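Dumping the structure here so I can ask a few things about it.
Chain naming follows the written order as A, B, C and D, and within any one chain the residues start at number 1.
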Amino acid sequence: MAIDKVLIDQHNEKQLSLHKKKFQTLFDILEDEGHSVDDLINKIKAFQIAIPSWALGTGGTRFGRFSGGGEPGSLEEKIQDIGILHALNKSSGAISLHIPWDIPKDINIIKELAADNEIVFDAVNSNTFQDQKDQEVSYKFGSLSHTNKAVRSLAISHNIEVIKHGIELGSKALTVWLSDGSDFPGQQNFRKTFHRTLDSFHHIYDALPEDWKIYIEYKPYEPHFYSTVVSDWGSSLLFCQKLGDKALGLVDLGHHLPNTNIEQIVSRFFMEGKLGGFHFNDSKYGDDDLTVGSIRPYQLFLIFNELVEGMSSPEVKNPKLSWMIDASHNVKDPMEDLLQSVEAIKIAYTQALLVDQNALEKAQEENDVTTAQEILQNAFRTDVRPLLAEARLRAKAALHPISAYRDLKIRENLVKKRGTKSMATGL
Amino acid sequence: MAIDKVLIDQHNEKQLSLHKKKFQTLFDILEDEGHSVDDLINKIKAFQIAIPSWALGTGGTRFGRFSGGGEPGSLEEKIQDIGILHALNKSSGAISLHIPWDIPKDINIIKELAADNEIVFDAVNSNTFQDQKDQEVSYKFGSLSHTNKAVRSLAISHNIEVIKHGIELGSKALTVWLSDGSDFPGQQNFRKTFHRTLDSFHHIYDALPEDWKIYIEYKPYEPHFYSTVVSDWGSSLLFCQKLGDKALGLVDLGHHLPNTNIEQIVSRFFMEGKLGGFHFNDSKYGDDDLTVGSIRPYQLFLIFNELVEGMSSPEVKNPKLSWMIDASHNVKDPMEDLLQSVEAIKIAYTQALLVDQNALEKAQEENDVTTAQEILQNAFRTDVRPLLAEARLRAKAALHPISAYRDLKIRENLVKKRGTKSMATGL
Amino acid sequence: MAIDKVLIDQHNEKQLSLHKKKFQTLFDILEDEGHSVDDLINKIKAFQIAIPSWALGTGGTRFGRFSGGGEPGSLEEKIQDIGILHALNKSSGAISLHIPWDIPKDINIIKELAADNEIVFDAVNSNTFQDQKDQEVSYKFGSLSHTNKAVRSLAISHNIEVIKHGIELGSKALTVWLSDGSDFPGQQNFRKTFHRTLDSFHHIYDALPEDWKIYIEYKPYEPHFYSTVVSDWGSSLLFCQKLGDKALGLVDLGHHLPNTNIEQIVSRFFMEGKLGGFHFNDSKYGDDDLTVGSIRPYQLFLIFNELVEGMSSPEVKNPKLSWMIDASHNVKDPMEDLLQSVEAIKIAYTQALLVDQNALEKAQEENDVTTAQEILQNAFRTDVRPLLAEARLRAKAALHPISAYRDLKIRENLVKKRGTKSMATGL
Amino acid sequence: MAIDKVLIDQHNEKQLSLHKKKFQTLFDILEDEGHSVDDLINKIKAFQIAIPSWALGTGGTRFGRFSGGGEPGSLEEKIQDIGILHALNKSSGAISLHIPWDIPKDINIIKELAADNEIVFDAVNSNTFQDQKDQEVSYKFGSLSHTNKAVRSLAISHNIEVIKHGIELGSKALTVWLSDGSDFPGQQNFRKTFHRTLDSFHHIYDALPEDWKIYIEYKPYEPHFYSTVVSDWGSSLLFCQKLGDKALGLVDLGHHLPNTNIEQIVSRFFMEGKLGGFHFNDSKYGDDDLTVGSIRPYQLFLIFNELVEGMSSPEVKNPKLSWMIDASHNVKDPMEDLLQSVEAIKIAYTQALLVDQNALEKAQEENDVTTAQEILQNAFRTDVRPLLAEARLRAKAALHPISAYRDLKIRENLVKKRGTKSMATGL
């Protein structure tokens, strides 16, 4: 189901005059302050966020899942859904595949479909946190870290297979979220577990093509509740250091202990040239996988402030970053949730672009704390939505993606087509 | 599958002389200190902890479940499993049923089977956090708190039905863990949600028999990740105050924010005569549902210290407490886990019985903080396991339940009987 | 040192045309959306936040304090400082006094000085967390909760004396932050400590004039690190319920365990008619006492959303609220910090005023979670600073208080007058 | 004031027969299990824990300090106090000096006094978190990380001076707890701050003698409440890696975010050969600096389990560790608190020595989680106090140090000698 571009134009038409007014005022103010608004808009337009293939269906918890209707039942339908999102916001032009949930049956059809929807293939994700049907050995007690070599070999092979799928699709990176860990003191020897994992990582690393990266995600707990092998940024960095240049850390915003200063971790990875990318989401308690920006929008802005500053600094030598969403939409229409998430990410990015980095540096040098805060908050408090809307308008996307999504009755049409009982693979 | 008592005797025989030696030394020391060891042992013997019907199978997380073998496939088999536990430790003589997972088909058969295993029926649990097959309206957005009256009515009816099942079985209390809550700011009006819930509770309360209680469990998050309706002890107490004498708070050890002083909450409920009982487990991060005492055994002891002190104080007027386990056994044999949990609870209880309450009161009055700590730690550091073993010996249970469980190859026999693919209902 | 109003006018003159442009655009948009901008501005103008007398000096930690210059050395100078703040923002027209740090020597002089600066006296604060010179008995092990009656009596007398000072000044409330608690398990009997405290509170309560309130603040830890007597909102509410109508809870934003949903606590107090007021600040880890809105501005907005909704609801019967700042300015000029804090509070309040409550209620009733979030975020993302500036302009305050403060070289003048070594009483 | 050894003998005499009985039973059981009790006791005897020079006085919080009596007013008196502790427990034969609070006036007198008390000099501690009187530039905005080179130079010089004092005394390590950090987003550029700090560390590192170490302590917050430069173990490790072999991480148990798995961090440092030592204490909320083992004794045991396993593993190449206490005794007699802390540390160490490492390894290899837990808990639940008492008896220390301390009226004598108003330097 593709969106007729005429419908988007009609949607925009109705809101155009109000948009123009808001945009013009903001344009004037920003230009007066020395910004090039066209530059800003070009940066906003260029910024693309990958949608994970498992995020198009309704998520659940260990207590159950309440599915919505019209969920995509195949990889093809997932790509179509992302195509719709991308048509609406022109900012979701990438998909991050999860294997084995989304192994392409016919690679050419999938690639064509993606190309038709202007979607590229971002990092591919492996899964060794679940046993697949008829799997010979089990991941119950770990995969890459398992005490049993047979299990480790299976997990290594799976990762290598995921790389192969990725190569065929044009991906350039493998994301490993390793759920391995323990639930009770004494269950594992931390040191031996680390070394077994490192050894497994080496095998996977060796299978990476020259121009590929491996992203090593960290997480302090869940699905294991005492320890995890890649528990924090320090552990992730240690693995990356021991593996080599292609190994980089991946930051999932929800994967931190309470009160963690995430933006400083981002800076640390970046400083070391070891930042691979992000899994964006938001949370109040743990890995809640809520809509990006729904709980702590200022923290999101502070993270982007680190990135914008770092990306423009000659001191930082870091490969290009991957931007991905990783959320679980338990009580919202997943596509609406994704539109909100993309919007929140781009708002934070745009606000960070507005920070006067020279003035900030001066305030920092002088320990003028009040002014440093004023500079950041001035950017954060600016209503940048007209810039995002203008960027979408120029890209022929919808001025207000969620309104357009509802006006065009997209979910209703999907339900009509796919039924109320279709259910996406995923968590 | 019942355990032949002769096998337990044989198991005990082998360990008897070592036990006698350990016990005799401890006996002498405690008697010298003024304790009546026989009194202690009688209290230990009398202390029974209910096993929840959902804890006999392997638990899982939102990322998957790795089942073990020989899991009970019916309520009958669950009662048999608890019968085995009780035969081994004579401390698990109660079951806490979960409806609708474990609705008895033939009430008399179930009651007979329970009686044969010396098991009584503790509080019954309702479930409005999952939709049942062909349910007319959904609990996706709440149950007792739902904005739609039809959903609230369904949830009320279900709770009343659970009470009816409980009456038939001889239970005396309904436990309501209400998962209702919200995932995003703005999703619910906190005040109206509270009032709708209170109204629903009133309907359930009115259906309680004269000699019944309703236990209102609180939990700060999960499965919802922004707010919950009964989020903390204060909210639970508020509902209980508004409902009446039959409404009491229930403390699940894992349902607290980081660093909460749980023992003080226990004291607050007790002081108000509003403590219903416990769901025991342990945790490091959130509601991890780990084996009781596996992470923070000292905290468990401190909770029991509050209970032992309160139960003996004329200032505390509180109904009899319910003791239940609520854990999720993801990587252990559930029956082994339950044996470990019961042992940990009884160790903490016994240690608390050893606290010299008069000396502690004196130290508190004098603000002699060092001595107060010495008194508590003296009790906690005492190895009370010989007392527990002796109590089991006198009750004709196993000196070492877990060793006996393994020696008697109970799991192997269950797997033989039930197969490797049987799977218990539950989470 | 009073500010010459002409200087403020000159400051405003320079920024007027830019302000007018921003304001006009926002005016048009908001009026189009159905808001009465004049009503909004009147509400903003009327909103006054009390400055605590201990916040005019540089704060410290247990590791030391780094004082700034020109700090007020007397109550008179503190009132002058607040007068300056109020002249700049016309939103700080109240002072919250701390006794015994700021006992007025000549009550009439103080009252006149306050009146000259258009400052009224908000809640008075007692202090039983420090021993005063030559105090006969010590608060080392508690005050209102102490095991020794003599200590409790002293603490009660002190609170009654604070009320008397308040009556003379025109205050209408006593704020009690009771630091009493324990550092080690076993140090205190929780129940007896509660009852002793309750008894002490009764004595203080009985000394309250008819039209007074007592605000009972809660805090989970610090300066004691195992338990506190008024540890959480539930404990605060329990005291208030047992005391009577004049007793209300006070919410200090920094006094919560990690991840607490503070806005729901605010709603609970409000629902029960038991909300007294706020100590505003912000924090990342504990009671960090940072500038309001500097870490979690969205949470601040959500709290105000509860208040705005509740204040307009006929279901809520709650006395008028007290708004106070309680922050510790360790690395900023305290007056600049206070200007930033007041601004942040008023921004959050204004954003909350913009929430379309009817649309929100509709979305909540329909469980339209996406729309509920859109409504809140639409308000939060709006740049309301032109409304605040306009309200100040109409009140003859500064368009940009911090810029004015710097342009007018206020701190430099204070240093000249008071020296670099003057040091305010406080923490 | 030295303790007459005859008095200790008299104290022991009274408790000897009960001790002998307890010890003999434990001896028999442990020997039966294959332990050499004499080996255990020799290890216990050899284990010495350094007392920090700032821990002999009553500590405080930012809200005040309630001093006790008889506090040591000079370095000489502090050494005497540690001498008393060491006479009582023969486990505190080291002091960790804090400069500039405890600069020796006459180095030879101090060294002789220490030798007389059988006390050696452990790591020396620098202090750049407070300004000293008449300091030319201020540490208000940092020291080794400061934007101003003059401040960095001062802080570097101070550290080099501390090394010089340490050399004279016979210390072999410098502990740097760097309080540098920021209180507000934007205040510092994380990357530049890191690099300035690294540069300063290099200067200090270069001044270390060949056989010295530098311990780099990490802490997430306090006295700064947004970020710290050495915020976590990952940052500490990064500095150590960049500096060289002499740089090692130091773990203060209280310096972690909520729910951190500290034992895994210990293992990570150890695995990398980068563990310098410990600052022992306990906490419930933050850096509460409570008596060791007073809140989470099982965690302490788990840490020692890592150390005991690692120290015996050929895979671990790590320098000898430093064991230090770092607590703040706000409501206890500091010397009693230190006796309790030392006891708790040695109990945990002894329990860890009892862990059957071979059986544990086997259970880990087989993923027998139940057994792994049984092994650890079996050790933890063993009452090892008779072993500690026997070790003290053989070392001619007191069977029960705290009882002896009280029986001998040590505090009363110190008060008589030093008065009730003496006050130790420190926090």
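The rule is simple: a residue touches a chain if its C-beta (ideal position, glycine included) is under 8 Å from a C-beta of that chain, and two chains touch if they have at least 3 such contacts.
Computed from a prediction, not measured in an experiment: that's the story for all the values here.
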If a chain touches chain A and chain C alike, it appears here: B, D
Which pair wins on C-beta contacts, C-D or A-D? A-D
Computed distance of Cα centres, chain D from chain A, in Å: 43
From the C-alpha centre of chain C to that of chain D, how far is it in Å? 40
Going by residue number, chain A touches two or more other chains at 140-141, 182-185, 187, 220-221, 226, 258-259, 261, 284-285, 291, 294-295, 298, 331-332, 367, 369, 373
Flag every residue of chain D that touches chain B in the complex, lowest number first. 18, 21-22, 25, 28-29, 32, 258-259, 261, 284-285, 291, 293-298, 331-333, 336-337, 340, 347, 367, 369-370, 373-374, 377, 380-383, 385, 402
Residue set of chain A touching chain D in the complex reads 140-141, 147, 182-192, 194, 220-221, 226-227, 231-235, 237-238, 257-261, 263-264, 267-268, 270-272, 298, 302, 305-306, 309-310, 313, 315-316, 360-361, 363-367, 369, 372-373, 375-376
Partner chain D, residues of chain C touching it in the complex: 59-64, 66, 129-131, 138-141, 179, 182-185, 187, 220-223, 225-226, 258, 283-286, 288-291, 294-295, 330-332, 427
